[in-house]
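Order of writing sets the chain letters: A, B, C and D. Residues in each chain are counted from 1.
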Amino acid sequence: MGKINGLILKVICPDQPGIVAKIANYVAGHDGSLVEFAQFSDTLVSKFFARLEIDTSSLNVDLKDFMNGFGTLGRSLRAEWHFRALPYRMRTTVLVTKTDHCLHEILWRAQMDELPVEITSIIGNRNHCQDVAQRYGIPFHQINMDGEDREAGFKKIHEILESEQVELAVLARFMQIVPNWFCQSYAGRLINIHHSFLPAFIGANPYRQAYERGVKLIGATCHYVTSDLDAGPIIEQEVKRVQHFHSPQDLSRLGRDCERNALARGIRYHVHDRTIIDGNRAIVFPD
Amino acid sequence: MGKINGLILKVICPDQPGIVAKIANYVAGHDGSLVEFAQFSDTLVSKFFARLEIDTSSLNVDLKDFMNGFGTLGRSLRAEWHFRALPYRMRTTVLVTKTDHCLHEILWRAQMDELPVEITSIIGNRNHCQDVAQRYGIPFHQINMDGEDREAGFKKIHEILESEQVELAVLARFMQIVPNWFCQSYAGRLINIHHSFLPAFIGANPYRQAYERGVKLIGATCHYVTSDLDAGPIIEQEVKRVQHFHSPQDLSRLGRDCERNALARGIRYHVHDRTIIDGNRAIVFPD
Amino acid sequence: MGKINGLILKVICPDQPGIVAKIANYVAGHDGSLVEFAQFSDTLVSKFFARLEIDTSSLNVDLKDFMNGFGTLGRSLRAEWHFRALPYRMRTTVLVTKTDHCLHEILWRAQMDELPVEITSIIGNRNHCQDVAQRYGIPFHQINMDGEDREAGFKKIHEILESEQVELAVLARFMQIVPNWFCQSYAGRLINIHHSFLPAFIGANPYRQAYERGVKLIGATCHYVTSDLDAGPIIEQEVKRVQHFHSPQDLSRLGRDCERNALARGIRYHVHDRTIIDGNRAIVFPD
Amino acid sequence: MGKINGLILKVICPDQPGIVAKIANYVAGHDGSLVEFAQFSDTLVSKFFARLEIDTSSLNVDLKDFMNGFGTLGRSLRAEWHFRALPYRMRTTVLVTKTDHCLHEILWRAQMDELPVEITSIIGNRNHCQDVAQRYGIPFHQINMDGEDREAGFKKIHEILESEQVELAVLARFMQIVPNWFCQSYAGRLINIHHSFLPAFIGANPYRQAYERGVKLIGATCHYVTSDLDAGPIIEQEVKRVQHFHSPQDLSRLGRDCERNALARGIRYHVHDRTIIDGNRAIVFPD
């Protein structure tokens, strides 16, 4: 990845006066240069959230010392914080079943260098996407998850993610309900694309439901996966206008475009450390 | 309203080949001229829907005979149909409680001649909007509906609508649950603006719910009122992108814009006879 | 492509009463069944436009006779008309230079069967996209067009299109100005994606211009190519909201998404015969 | 307006490391509390822009001293800066000709307390909007500007603005070209709504032009007025999707909605000091 030239710092702590000054001072005091400093004080819950992008090329201390040294300030703020060295490529695996539109979108954007990810492998509980994987020269693991093989399948996936040191797993229309232990093991590192504008039409076949209800807009939701199905923190949403003449198949086609866009932006925000999870919601500093 | 120069014809019937030809023939055979002929064959439920706008200035028969004569064709198609003579102003009443943004929107568009309606009166279960009514020179009825007066209040409203020969009643942020008998009495003539993107966040204070869930889009839904609360046929929907820094108050402010827009377009479609109700959904031929 | 089961008929003629009845009668009189009948009477220019989709499975005459027989009616209406037998795949070539995002979008949608096209080949005046072509198993022609080779290059492209019997050529970020004779030779069959919301920022590097002007929305325009650069009939447009912190590179990235979407929908409308060119504008009956 | 409880500070200066820390320190050092601190370093032009919202209720110095004391820092940064005491209502005049949709929008939002403005008067070169002014109880000045009276008219307007101590003048479909001296006199305090998506269709009747070109999106642009007609810094833009069946009148109707929305948001950004003008563009920190 080449030489480190920057840091992203994410901070979450109880709100109080002077936090911005203290953090900015820490950076300036070590001759770091702020590229971006987004913050948000949520007065309703008295919490402070920030994301800093720091140019470290002129730091007057060692990078490691800079990061360690922040601890004193961080602890005094009762903060949780996280540093990421730049440039960075997040090791990412995509989980799929049959449909490949979301997978295509991710692979194309990765290849375009729009998404700073390294796709370590693609995992499918069917082999429909093996083709696409091959075309992009990416390893494909087929894992049988039918019936009694389901639990063993998730264990196998877990092993693969561990052995490939995966930092982000994307459920790109992966049609399996993820067990609790798996959600917890990858909390904050597991992103799903839901084929509906949440909270709405939860459950199977939202496009058929949308047709029957005659909705005038359909959508998709990109969210972190938690054990509470379809209720994890929302990262991004997208809608499209539809009309009565759109059949469930048309809605599904238009929905695919919503899914691709919402997922691509959602992943982008995550891999650029633009999201901060706070309970049931995600703070997102968009770019 | 001046001399009749056109007709709108709405038709709904079982689908079968040749309907368009038969209807178009009927019009052409009497020297009517089609301004617009929108149709839709829903192959999933085998139904045919159409809306025609007919220039009647060159009709070779009396307008009444033209409308009556359509009965033979209509019955042979097992159709329901409806004629409306143009130009037309629909007698409309707006029901309000405290907030006036939707009321303002309707009054302004009516005055601009964007909406072909005649506002017969404004009915409020509070007096907050009396001011606005006066400014536009429109009668205001205040009806007490608190506690035990609720049922009597709806009866009083019903009387007003009857005595003013109201054809459309708009619930413009009218904060009362409408009783069944009233919904049925005004079936297809009662339009509500719901302050949420349905089906979602049903119930009280959707903006607070939206904030807590961290949604990235909020919306509003204009729909016909049926006895099934918030589940009537959807006419129009609108969304806006929001972010984490939007407080419930901000969401409410942005939501007001969604509400105004969705309601104004929904009313527009209805008063131009661009909607056809089919069970739980509305076919809308937008302009 | 299998057995013919339908027809698309496009008609343009001077407006007059009774056209819809006459056309619908012709179809019904031969036991054809209307799947869709979109029409538009432009009263400003007194022209009538229609697109019919006809289920021909129950026709009481030979398909050829049905098409030929329409001539009598068509001539009496002083119409231009066009039939297309269904199912259909339009033979399509994509012209590219360096960037491949639009190419990817087309290839993916073609493969998904979202676009009924057969990609006969990809033509590049650089070899950057050869890779993508190979991945999808599609022939790639590299044509040198630099300096004095430009005119010869277009002649070579013309030969390829002729020999491959290409019906649609798509300029998918093809960075060459197309000569007049070529535009005329492929009039109505040559589609371009312009990286700007037309009419605006005509010329080179619109994203830089957009940045300097501080626009709050950027866009892309899909249009038919005519000899008047960037002024051909518009088929589809797309915009995205941007902010001051978006660099020209960011605008370019967001613009790519506009381009992909506008081009994909524009091609879709064209290959489904949903466009009718009328001088400098395109009538589009969207789906 | 009640007791001062906050300040908005806008800063523009050459970019350099440490600015954020210095400014945040100044605030924290005087026990001010940051409600919001939006900044932007434009690396292309090496400029720094910031907008701070400061809760001053716990300041350890007098408000005046706090503002004056900032000068030392400001000068050392070679900055331009501006303080605004909160709460605040900006003295605003609306200039109109015939159409009143933008005027209505402003008056309604002002009355709703969505816009912190005090409308001192409405100025019209026709009397069409006098009615609306009266309804809202706002003084209306009719100024004749036809033919030779034009220059005198602008002088009269200037006098009114001066005598009413107007801080913001809004051209809400004011159909007069503003002379140079007037633009300069109100530089940065004169906002216009242009009935087109700029830069496009500059000049008269953009909706007719849009119809003839068959555009698929129409829009409106809210911008600061400079002597270069329609080329001042853009504050906000809005678009709507349109189709071939929309007549110039329809486009005009839909355009009015774009105009109302773009203008309302543009004014909102300005009166909340969310805009910073930098040459030909406006940095906008949206809420």
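Simple rule for what comes next: a residue touches a chain if its C-beta (ideal position, glycine included) is under 8 Å from a C-beta of that chain, and two chains touch if they have at least 3 such contacts.
Note that the coordinates shown come from a computational prediction; the quantities given were computed from them, not determined experimentally.
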item: Partner chains shared by subunit A and subunit B (touch criterion as defined above); value: C, D
item: From subunit B, the most remote chain by mean C-alpha position; value: A
item: Interchain centroid distance [CA atoms averaged], subunit A/subunit C, Å; value: 36
item: Between subunit C and subunit D, centroid-to-centroid distance (C-alpha), Å; value: 41
item: Shared interface positions of subunit D, touching two or more other chains; value: 245
item: Residue numbers on subunit C that touch subunit B, as the complex places them; value: 17-18, 20-22, 24-25, 27-29, 31-37, 39, 41, 58, 241
item: Residues of subunit B defined as touching subunit D within the complex; value: 101, 104, 108, 112, 114, 135-136, 245, 250, 253, 257, 261, 287
item: Subunit B contact footprint on subunit A (complex, rising order); value: 40, 42-44, 49, 197-201, 211-217, 219, 233-239, 243-245, 247-248, 280-284, 286
